[in-house]
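First chain A sits with chain B, and in the next complex the same chain sits with chain C.
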Partner chain A sequence: MPEFTKPYESRWQAFLLLLPTFAVLIAFLYYPGVETFRLSLQQTILLGTRKTFVGLENYATLATSSAYHWSFAISVAFAAVVVVGTLVASLFVAYLLFQVDVGSSTYLIAAIWPYALPTAVAASVLLFLLHPSLGIITYVLESLTGTSLDWFTNGPQAFAIVAVVAIWKQLGYNIIFMVASLNNIPETLTESAKLDGVGHLKMLYRVYVPLMSPTLVFLVVMNTIYAFFQTFPLVDLMTSGGPNEATNLLIFKLYRDAFEFSNLGLASAESVVLFAIVAILMYVQLRLSESYTTYA
Partner chain B sequence: MSDIHIDGLTKEFDDVTAVDDISFDVDSGEFLVLVGPSGCGKSTTLRMIAGLEDITSGELRIGERRVNELAPKERNIAMVFQNYALYPHMTSAENMKFGMKSVSDYTSEEINERVRKAADILDIPELLDRKPSELSGGERQRVAIGRAIVREPDVFLLDEPLSNLDAKLRVQMRAELLQLHRELDATTVYVTHDQTEAMTLGDRVAVLNDGQIEQVDPPQMLYDFPDTRFVAEFIGSPAMNIVPIDLAFGDGAVAHHESFELSLPNPELFTERPDSAYFGVRPEDVSLVDNVAGDPETFEAEVSVTEPLGESLLVHCLLGGDELHVKAEARTELDAGDTVELCVDEERLHVFDDAGDAIYHSSPRGETVSDAAETQVEP
Partner chain C sequence: MATRSTSESTLARLLPGDIDAEQALVHGGLVVSIFLMGLPLLLALIMSTQNTTEVYQITNVGIGSQGLSNYETVLGEYNFGQYMINSVVMSVIIVVGKVTLSLFAALALVYYRFPYERAVFMFILLTLLLPVPVRIVPLFDLMARLGWGNTLMAITGPYIASATAVFLFRQHFMSIPASLVENAHLDGVGPLKFLWEVLIPMSRGMIAGVSVITFIYAWNQYLWPLIIMSDQSKQVVQVGLRFLQAASQSGLTRWGIIMAGAVIALLPPLAVLIVMHRPLLKTLAIQQK
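Let's look at the complex of A and B:
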């Protein structure tokens, strides 16, 4: 048996090698985390220059605030739409990419391009394209459907537009993983199904999806995190939480409470709650998926 | 059951010709083995029959139907893959049913009945509720074969089905495949790179090399009368000895080599009479003179290496600049450097021309193979 070669010579050396990682984690994750929690137990004015300890009062305020309840409800709805929408849309695009023989890498690049754009840039560009009175996409949609789109004033429309943009932005990320996962499925399974005459859709949901399930679970978790945390620039640039609070997601609301209304204590409490919600959701997702996932 | 007719089949991948204008027939109920080294085009040929590869040119007929343009599912064939190709998230029974269910004209009772029957034939009823990950390699291959059986196809195609199994299991599955073939009497095309598998399984064996067919014959015929030098060296283990010779034709035919001179019987059997050629003799057809009665023509050689094979001793001898392998009796006491006196079985000699084609076998073709077809199917 070959002797196990240690990559380091002493515990100290090991510690030194780990130090940079831990330093970054501590400075930018754990310390701010603890600080946020501490802040959430305080009342602050003037961006935290004066603080008083108030215990759980901030949490109590959130629990009784109808504005917060609303924000919570639309954030969950938004996350559900974005997670499901992203998965379904990416799955079909990925499946088509997987099946195409000619120019597949060109298609793949085209499909993952949106992901390469910074979210803020994408939001600005789409704001133009989807502008209620100037946008070219809006114009086409309106002339095709005969409806009038005015998502600057119509709440449900604004919610839908932001959700669609959020899905569009996340497609590339999902497609990369899905195509990789599809390519990992042994080709003989596909060939065997061809000989049996199994249809494409049946093959997708009876064979490919079950075999991709570990990747899909991972993507559900990543998309959930994305929908709750990383959609801030979209809301900020496109709707600023409006119209009529229709897109005032938790992540945007806590930013506003902190930096527009200077209520750092309350915003910190919102931050902690949001973290808890996502943590619980991830736990539930992973537990539920365990029984359905095939790790072949 | 259907027969298969292959006429001038060619497959080109960009600038590579994988299969080059091959033609052969598979009779209804026949077990034909395609054998050859890696990259010889045997799998491509099988995949063209299955419809998994397009046919560049030539014609493929199954039964009376031209199937070149038909999709795989319309050809009514079943294929067994080297890696089994079982769906890992389905039980054995589900694996066997899945393909059947997509062909809508079967009721679920019919399907269940067929699965039960196939499981009985393969002796796997107790495995039906298990998933592939809970099965051994041999069991998985049985399930994969079961999946092919339930379809009741016109043609079975098997692509190196035993290559992923360990040696002992391979021998066992080989026998079972033969038995299964006799039970089902299905037209079968079987691809392997293993000449032992080819010899034991095939009613006939097609040897492929470099995209072309070298010979299609019953196994014993291949062994006794190889059409080409390639077949001679590929079929049989250890391989046939081939040494360069000069030929002299007078009253008879005499082969000259720097360390032996041998008169070849039945010189009228030569189809060509070149000055130089290659002389072929199988290791078991060369003997140490001590072990042979009578007064044969003999020649001397020097032992370089001995390999005990258990049931025999393989002796590597130096014959001038060439090497000759001799299968001697087990436990013969020989050392490297010893000089031995050798003789050959005069009925089992072969001569190949420079192009590699056989121009002479010392026995008339067909004499020693009269009962080969019957004996080889015994598992």
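Let's look at the complex of A and C:
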């Protein structure tokens, strides 16, 4: 809180200033948020015209559905791959940006631009360049490795390709935060470590990474949320959840259950599961950032 | 730090025979990584000039025969001109609406004394737990009941209030010196005049930063417009890329056209990022806290 005494006292003015924000948040966030819970206890039949209360039946359906278990498992695996892949690749580039002597601001813009890359654009471009029969990158990869890329029919390959595109799009965001974090490290520390003759890789893992940990925790949380919630265009444009459900992530399954199969009660229960995931992640971030503040 | 190391390397270059091998590696590493990150875009740009026959010759990675005519086709025949206008209108409304509403809310939170301040702030922050997929079915229902399907209200309304923007403006206002605020109040300046004449001029960088973040975020929307806009002519450009997947000619997918569409759909946010990277970076640095 600010140190000064607050200049304005009028309660109704404060109320009026907060009103537009509150109106939007209540109408379009809280109200539908609460409705999701209510709908998850109902079943809709006859194309949504009749609703009946079914208690926890939708949750029971999810708990026993092998298709949902599968979707949940691959979403977790997908998030893990995207988080680790993004962090490793971004850390490599960010560390170089931190080390470079001249041209750092030009390099920085050239490295963070994927922050502006729309997910649907990333999906469209790589769908073509990695196309099993037409893609130039596929062609080069196949001639270099002698393997054949066949991700329209091969599930694990499709999963890997979608993950690579997800990582590509997320690099810019991660590099921005990592470079800022590296630049906050006291220079004396770097210099004394250099005098002790510590090598680069060792410096990175022993000195920089521990000092960057608040930023890294933040990025793990943000990347996980991204992998669960913002990857819909990738699946929709590149694989439609296939082949053999290999890329049927929770967000895509939710879309289909709700808007293709009109199973609104079940889809709402799936939304509640997603809510639980985001709540847990935010809680982790909050607790860890608190513990860092106390420590510092 | 930048100036110190620059002078150091200048010194290194002046010393004969002392080539900085380590820096050469760093530059090399950066050039290679940046090249790899940009390669798909470069290839998309090249392919966007090719006709379908050239595209189907896989190893043909030269500039194609179409020049810019694929862009003309995609803007006209495939309606991307309309989709781009729709996306710009949507994004600008979201940016202006969100910045205005959040400035008002932050003004109340920082400069007004009222009961349950902490609870009010928490109420705003907790909406971070409610991304669109968590409330998508009831939100769709609500829009149907309001009769907002296929309207601009449906794709802008749910986005014009935000926890992040209120949080950022609140942080920024709290960092403005108390003496300035007290002076303003002693002169009997009303709250809106105070916002307009004191706070906004002192928050230009932050307003620019929040606007860039919001614009890039709004431009990237895909799932919600896909669901709520059934009228194709009112659709945004990201979903336009979905329609483009059907672009074909005598059974062959027109990938040159699709690449042109992808490039067009990328340009506005990319331009905004390049021009406004400074306020963006500053604002993001505060967001993490």
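Simple rule for what comes next: the second predicted complex is superposed on the first by the 271 of 296 C-alpha atoms of A that agree within 3 Å, B and C clash if a C-alpha of one lies under 4 Å from a C-alpha of the other, contacts with A are read in each partner's own complex, and residues count from 1 in each chain.
Assume a contact is a pair of C-beta atoms (placed from the backbone, for glycine too) under 8 Å apart; a residue touches a chain by one contact, two chains touch by 3 or more.
Everything numeric here is computed off the predicted structure, so don't read it as measured data.
S.K.: First (chain B), second (chain C), both or neither: which does A:189 touch?
M.R.: Touch partner of A:189: chain B, not chain C.
S.K.: Have a look at where A:57 lands relative to chain B and chain C in the superposition and call it first, second, both or neither.
M.R.: Neither partner.
S.K.: Under the stated touch criterion, name the partner, chain B or chain C, that contacts more residues in chain A.
M.R.: Looking at chain B versus chain C, the one contacting more residues of chain A is C.
S.K.: Name the contact category of A:150: first (chain B only), second (chain C only), both, or neither.
M.R.: Neither: A:150 stays clear of chain B and chain C.
S.K.: Between chain B and chain C, whom does A:142 touch in the aligned arrangement: first, second, both, or neither?
M.R.: neither
S.K.: Go through the superposed model and pick first if A:198 touches only chain B, second if only chain C, both, or neither.
M.R.: Only chain B is touched by A:198; chain C is not.
S.K.: Considering only touches as defined above, state whether A:207 meets chain B (first), chain C (second), both or neither.
M.R.: first
S.K.: Residues of chain B touching chain A in their complex?
M.R.: Against chain A, chain B makes touches at 50-52, 71-74, 77-79, 81-85, 87-89, 98-100, 102-103, 133, 147, 151.
S.K.: Which chain C residues qualify as touching chain A in the complex?
M.R.: My answer: residues 1-2, 5-6, 8-9, 20, 23, 26-27, 29-30, 33-34, 37-38, 40-41, 43-44, 47, 55-56, 58-59, 61, 101-102, 104-105, 107-115, 120, 123-124, 127-142, 157-158, 160-161, 166, 173-174, 178, 181-182, 184-185, 191, 194, 216, 219-220, 222-223, 226-227, 238-239, 241-242, 244-245, 255, 258-259, 261-262, 265-266, 269-270, 272-274, 277, 281, 284-285, 288.
S.K.: Note which residues of chain A are touching chain C in the complex, please.
M.R.: It comes out as residues 1-4, 6-11, 13-15, 17-18, 20-25, 27-33, 35-36, 39, 92-93, 96-97, 99-104, 107-121, 123-126, 128-129, 134-137, 139, 168, 171, 176-177, 180, 183, 187, 215, 218, 225, 229, 232-233, 236-237, 251, 254-255, 258-259, 264, 267-268, 271-272, 274-275, 278-279, 282.
S.K.: Taking the complex as given, what residues does chain A use to touch chain B?
M.R.: 186, 188-189, 191-199, 202, 206-207, 210-211, 294, 296
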